[in-house]
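Quick one: this structure, given as structure tokens, is what I'll be asking you about.
All chains are identified by letter, namely A, B, C and D, in their written order; residue positions are counted from 1 within each chain.
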Amino acid sequence: MTTSAVTEKNSFMKVLSNIWELVKKIPPVFPIFFVLFIIVSLLSPTYSTANGVMAFLRRTAPLGILAIGQMIVLATGGFDLSMGSIVTLVCLVSSLLLANDEANTYPTIGLMLLLGAGIGLFNGFVVTFLKVPSFIATLGTMLAVRGAALYWVGGAPKGYFTDNFRMWGRGYIENVPLVGRFPIGLIVLIVVGLISWFAFHRTNYGKQILAIGDNVRAAKLSGVKVRLVRMSAFMVSAVLAVIGGVMIGGYGGVNVSIGEGLEMDAIAAAVVGGVLLGGGKGAVVPVVFGAYTLEILFSMLNLLGLPKPYKDSIQGLIIIGAVAYVAISQRKKR
Amino acid sequence: MTTTTANGRGLKKFFRSVSIPPVYYFLIVIFLGGGLLDLFYAGGQIFGNTAIMLNILVRSVALGIVAVGQTMVIVGGSIDLSVVFVISLTSVMSSYIMQGETSNVPKAILLVFLMGAGVGLVNGLIITKLKVNSFITTLGTSLIISGIINSTFSNWAGSVPRSFEFFGYATIGPVPFSVIILFLMIFAGWFVLSRTKFGAHLYGVGGNEEVARLSGLRTDRVLIIAHIICSLTAVLTGLFIVSRLRAGAPWVGPDGYYDLESIATTVVGGTLLAGGKGGVWGTLAGVLIFSILDTTFNQLGVNPYLSIVFRGLIIVLAVASYTIRSKKEAA
Amino acid sequence: MKKSLLFVVSLIVVMAMVLTACAKEEVAPEVEETEETVVEEPEEEVVAESPGLQMESAVVAAQFFSMDDYNQSLEWMANEPVNPDDPIYLQYLLEDPTSIADYPQYEQKDGPYNICFSNAGVNNPWRVVGYTTMGEQVLQLQDEGVIDNFYHIDAQGSDEKQIADIEDIISNPGQCDLLIVSPNTSEALTPVVEQACEVLPVVMFDRYAFTDCPVVSERPIGGYAFGISGAEFIVDTLGEEGGNVLAIRILPGVDVLEQRWGAAKVIFEENPQLNIIGVEFSAYDSFEVNTIVTDYLARFGEIDAVWMDAGGTAVSILEAFEDAGVDYPKAMVGEDQNDYLGFWKENGLNAIAPTFPTYQWRTAVLASVMFLQGEIVQHNWVLPQIPVTDANLDDYYNPAMPPLHYAQCGCEDMVNYPDAWINVDVAKYDNLND
Amino acid sequence: MSEEEKQKMVNEQKPLMEVRNITKKFPGVVALDDVSVKFCPGEVHAVVGENGAGKSTLMKIMSGAYVPDKGEMFLEGEEVEFSHPVQAFEKGISIIYQEFNLLPERSVAQNIFLGREPTVLGVVDNRRMREMARNILADIGVEGAIPASKLVGDLSVAEQQQVEIAKAISLDAKILIMDEPTAALTINEVKMLDELISRLKERGIAIIFISHRLAEVFEISDKITVLKDGKLVGTVQTDEVTSEGIVSMMVGRILDHYFPPLGSLEDFGEVVLSVKNASNDFLKNINFELKKGEVLGVAGLQGSGRTELAQAIFGVVPFKTGSISLNGKDQLIKSPATAIKKQMGFVTEDRKSEGLCPQQPIRDNILLTVRSIQTMLTPISKDGIRRSPDLVPRLGEEVDIRTDSYDREVQFLSGGNQQKVILSKWLASEASVFLFDEPTRGIDVQAKASIHDMIRDLTKQGRAVLMISSELPEIIGMSDRILVMHDGSIAGELPPESSELDIMLLATGQNGNNGSIKSGAKGEN
């Protein structure tokens, strides 16, 4: 395909090496996920039934969406620590605004999306114009948003989610051929995933994000509107956090600690999906699989009968391992 | 606040000449603002009451001690999120080992300090030798410790003897013992950063690792020591908390958000997140700002959640006031 | 580079091992063994102790459980109130009179009174309903001119903050005539409550500090009774055959919750036909709870009964059964939260709702005022505690109330009922100053 | 003659440091080829030569930053080997780079003694450290200007340089190497530096400095070593040569390849870019025109404002006054984004930090400019932009990027290929005015030739090129006209195929005797 300097080898070897090249390019998260999945389905019959698989796919969908948002900000070289608080805000405030009336659902979701976009805009503004490092800026918003949400509802969970609000996270479409029932949450993830995949991999936007994360100065000198792109990344991340929040709300129950720590889970999922902190690397599908890999791993630990808290330890080892793996393999290349 | 800028500039010059971090502006404003609110709404009962003023300091102890360690790590251009579970680890292990017996106290203290040093060492080694980003490293070790202690002790573990409670509750004259410890720690932090070779080298490593290396510093070792010190301050905070609570439980660290709050107070105190600049006096101001905010809001009966909102805004505003004129793009 | 990698990894491993080793030895037996017994030898005759109960989250911290208290609770559960004619929130199960006259150190004065309330938090629906009830009671007493100012100090679920909050109150004597405390956790708050007792009268309710100094310590029979009702219901339902029981707890370390589990554990251990497959903490997180139940269904295939120490996420648990496409458990333990009662009625569950009634919040205010006015109050004030069962479900379930309402609020006779409990606004009561 | 010179030197004085037969190769280039020089105590030794002559490489080898492939080094007669700069400075060899190795947030004293803080019982004795710093600053005669407790970040560039010198002195440096010490200094500051250097000389320190400004070299140096293409041309006593003599030693390099033929008159079209009376903080009164089809070479020493000129035109650091017109229309270019829309392209001097996104594939680097012209959400295909799917392979073939796949990350390409990627980036954006800043820096001969061909091809296609280069043969071989810059303004314009001497004379600020010098030249300073 190019004026390659590589000399002609015999064609069989070439095919082989081409295949090997392709295999090498597969992000490690895919094979890991499938191996774990096979182990889990051997351990528990539930995971080999359509219903069990669908339930698993459904419950990880919100984290998948949050991880996509986090990945976009990480790819620009920033952090978004305010995600978890946005989930808190969505769950607490919308349960209040819904007032047990189904007619309020869509206006409420609309308002939440607007609020999310506003928070993202604020994050972006503080980072690009006030030049506060995003770690600190979003740490500030994290506290402010959480405080505001609790203040709004009076520091206490109130109200309840309506059924058509809960549907987005928990609902199923019944009587689907082959799988029986199909979780709506997974549809949301697929739609969000497709849109972000398209935006990230098939429009200029994604390429500009990666360019900024890789080398801001070069991107700027190539005409990229750095501030605009960066602000929009924070907005996308916040809006996806809202969507994730609505889906988590779908599991019912309102409590003030909902959403806490989710930003770290999202970062972990993104890192497992091959995203580099510091920017310049990222892809939508592996990140979603990063979320699923973590979750399937936790399921496996549970099936093996390990106490739940061990999942934290495993998660910790995995993210250190994932980053160390990248660091070491990078060093080898040089 | 609308006095001439000339005055402000003079003040700035003065601050600079005595090398007081600019965060003390914020502290003064918060203090005066709180005082004014107090005067109007509570007739000066709060700020005129020395006991409450001392309580502000007591409120700052737990966060203040660990923030000293965090400041060192951040000055070195690193970050430590694992303090939060080092605190938990300390609290459960010490109260578990003490089991209410005074005779077990030295053993427990020795062991938790050793553990703390171990965690710091591991953090430092992973960051410097494996070149894993410090955020991920310490987030990872934090999760690892969290998993271990939560699956081992899911509850209050043991208890501390009455004799150990003096750390949390005793007073020397009118001054609480813990406040003295806090100031000793701040002073020690200041001393280490500005009066030891290690401190000077830490600023070098944080400011520009390449320069530090070319000046013949052992940059890895400096950073590892900084992480060990940071974990040790977390241990001290853990001991303070356990003496206040009489027993340790795995959740005491995360309940206080000591990871993010210690980073926030450090950065609000004027320490550069990227490293190389800052110090513990600024951090002290950052911690005091948060405590004054809490106490004032509590005493005035303002909704406590507003104070969280204020914390968030203060973090953003304070840091923005340092960075806004910078020419570099932030990320 | 490889050397350092090895070194770091082995360090981590060693640390993990050391930690696990020094704690595990004495506190709990090896987890892995537990597991094997469960998975591979389920058919084998189960020994006296259910294997599931060996897991760490099943252990009750020693200071929270005493067999004497357990037996005493059993006794009280059989008692009738001493004063059955009073409204339920003023009834008590045993006589333990005291009055301000017994406390010469406290200044006796006429009203209206200033009352401070150090609250562990309003961070769950039970506390919201309780605090609403309390606030409405205060409003009524203000209208009557009995209470002047009411200061609410919210610790937001943090021991550290609550200690500091109470220290602030102690430092500002004269602000309040009496302090009501609902401690966040007992162990942690004990020293500071003792300090407070020296300065002003303290009324304690809900959770307890380990001290006898408060002038009134008021609450229903408590955790033991809650745990016993639920566990006995499961034992009775599953009978001789037994079955898989999943225990879902909210938080560790809170006395009333520990006692609930401690009591249930005693009963479960007496009934080896029950297989306790897991004891998990849910922290009121319905998303988490859904995952837990799904995972246990995947692992064991069947769950016959769910025991809970609080009902916050009962509906989410039942929904997880729905999601997995299996039948509801044969026996379900919840709490008197309205959504659960509604779900129960609608689906015809075989269920029970042991309660920890929210009317105790109201009693705290009333007891405080009575004490300050010099009336006789109960030093240890034990309120009656009546579980909701199929028999009395219709008395408590009220479809007009919101899903998060708690049925036993004892608030039906209040001026603003039901509006204040339908449109909840806890911020309204934060500064009830005249 | 140079042999005689050398002989004389050896007899005169025992050298402090001697390098013998140093050879250093980089991939594709021989940076130093069998170079031997002696440096004597108390002497100011200038090392001159064009870009790429190997001066910096030699200095880096002497200071331990590079390890030579071949050759020995002797310090006071003893053979030394350095594998790390720390070893060099412990032996008394200090180097001061153009980018200072200082911590801006630390005080002068702290910087000077970084790593060697004086202590009393383990406690850093700040007072004594300040005292010692003050003494050292006094030693080199600058104590009044620089308080020891001031933050380095608050100092001027010249003062920071003095701190670096003080740091070297405090290390008991016997040899002080300075890389272009005057590049960023004002005239007065240069004078102060000269004085400082002569004081250091009196202390018996050997001072080695690299400079492009011949006037300075003659003013302060005792000896001059001339390097060319990695080879030693010779070492001479300053008072025995003239500046013309040195220039002729420096230039006259053998062309390593043939340049494409220059443009002819009929190739040149109308004026596409014209800059009138434009100034900003660095540039003064810039006037020039650029025609379609022409290569306008911009020569000048480092720091003369060449790069700033390109940055100003491209809107990175825009002009403050004056006007730019493109294709006859006055334009306001305040940002690179506008410049790109107006069909300008800028191949920057610093490839790594300004030109490339190293972790991105070749494809995305090439397409970055096109994508920033389009709206943010314009769809793209897997292989590039939608509108012309074959753009990347087409450009890749056009500029001959050697790679097996365009999905390879650019960080793994050679310098020449990276430069071609940058070039294709601007071809992709269909720029009609190209600004090249050092288009062939650091790349091998073959790649150089192909880039030169490409530049000429651009003009044949009717594009206009402004090419900045410090390599005189390149300027001469490529330019249809030559602008020479000096001190932030245009010193003069020369016709094509002017001699290197003419250019050097204008660029060094000497009023050339060549009649072709136009107005605007400022001779002396």
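Everything that follows uses one rule, which is that contacts are C-beta pairs under 8 Å (C-beta built on N, C-alpha and C of every residue); 3 or more make two chains touch, one makes a residue touch a chain.
Note that the coordinates shown come from a computational prediction; the quantities given were computed from them, not determined experimentally.
A.B. asks: Using C-alpha centroids, which chain lies at the maximum separation from subunit D?
C.D. replies: Of all chains, C has its centre farthest from that of subunit D.
A.B. asks: When I count C-beta pairs in contact, which pair ends up with more: A-B or B-C?
C.D. replies: A-B
A.B. asks: Averaging only over C-alpha atoms, locate the centres of subunit C and subunit D and give their separation in whole Å.
C.D. replies: That gives a centre separation of 74 Å.
A.B. asks: Please compute the C-alpha centroid of subunit B, do the same for subunit C, then give the distance between them in whole Å.
C.D. replies: 34
A.B. asks: Would you kindly tell me how far, in whole Å, the mean C-alpha position of subunit C lies from that of subunit A?
C.D. replies: Here subunit A and subunit C have centroids separated by 35 Å.
A.B. asks: Could you list which residues of subunit C touch at least two other chains?
C.D. replies: Counting only residues that touch two or more other chains, subunit C contributes 1, 5, 12, 16, 31, 56-57, 154, 156, 281, 427.
A.B. asks: Considering subunit B alone, which of its residues make contact with at least two other chains?
C.D. replies: In subunit B, the residues touching two or more other chains are 126, 130, 144, 148-149, 151, 154, 303-304.
A.B. asks: By the touch definition up top, name every chain pair that qualifies.
C.D. replies: Every touching chain pair, ordered by label, is A-B, A-C, A-D, B-C, B-D.
A.B. asks: Applying the document's contact rule, which stretches of subunit B touch subunit C when the two form their complex?
C.D. replies: 45-46, 49, 51-52, 54-55, 58-59, 62, 89, 93, 96, 115, 118-119, 121-122, 125-126, 129-130, 144, 148-149, 151-157, 159, 165, 168-169, 241, 244-247, 249, 251-252, 255-256, 294-295, 298-299, 301, 303-304
A.B. asks: For a test of understanding, state which residues of subunit C touch subunit A in their complex under the given definition.
C.D. replies: Against subunit A, subunit C makes touches at 1, 5, 12, 16, 31-32, 34-36, 38-39, 55-57, 121-125, 127-128, 131, 154, 156, 280-281, 283-287, 289-292, 294-299, 301, 312-313, 315-316, 319, 323-325, 339, 402-404, 424-427.
A.B. asks: Using the touch definition up top, name the residues of subunit B that touch subunit D in the complex.
C.D. replies: Checking each residue of subunit B against subunit D gives 194-197, 199-201, 203-204, 207-208, 210-212, 214-217, 272, 276-277.
A.B. asks: Going by the contact rule set out above, which residues of subunit A touch subunit D in the complex?
C.D. replies: Within the complex, subunit A contacts subunit D at residues 1-6, 198-199, 201-205, 207-208, 210-211, 214-215, 217-225, 228-229, 232, 276, 280-281, 333.
A.B. asks: Sort out for me which residues of subunit C touch subunit B in the complex.
C.D. replies: Per the touch definition, subunit C meets subunit B at residues 1, 4-5, 7-8, 11-12, 15-16, 19-20, 23-24, 27-28, 31, 56-57, 59-61, 63, 151-154, 156-161, 163-165, 167-168, 170-172, 175, 185, 187-188, 190-191, 252-253, 258, 281, 427, 430-431, 433.
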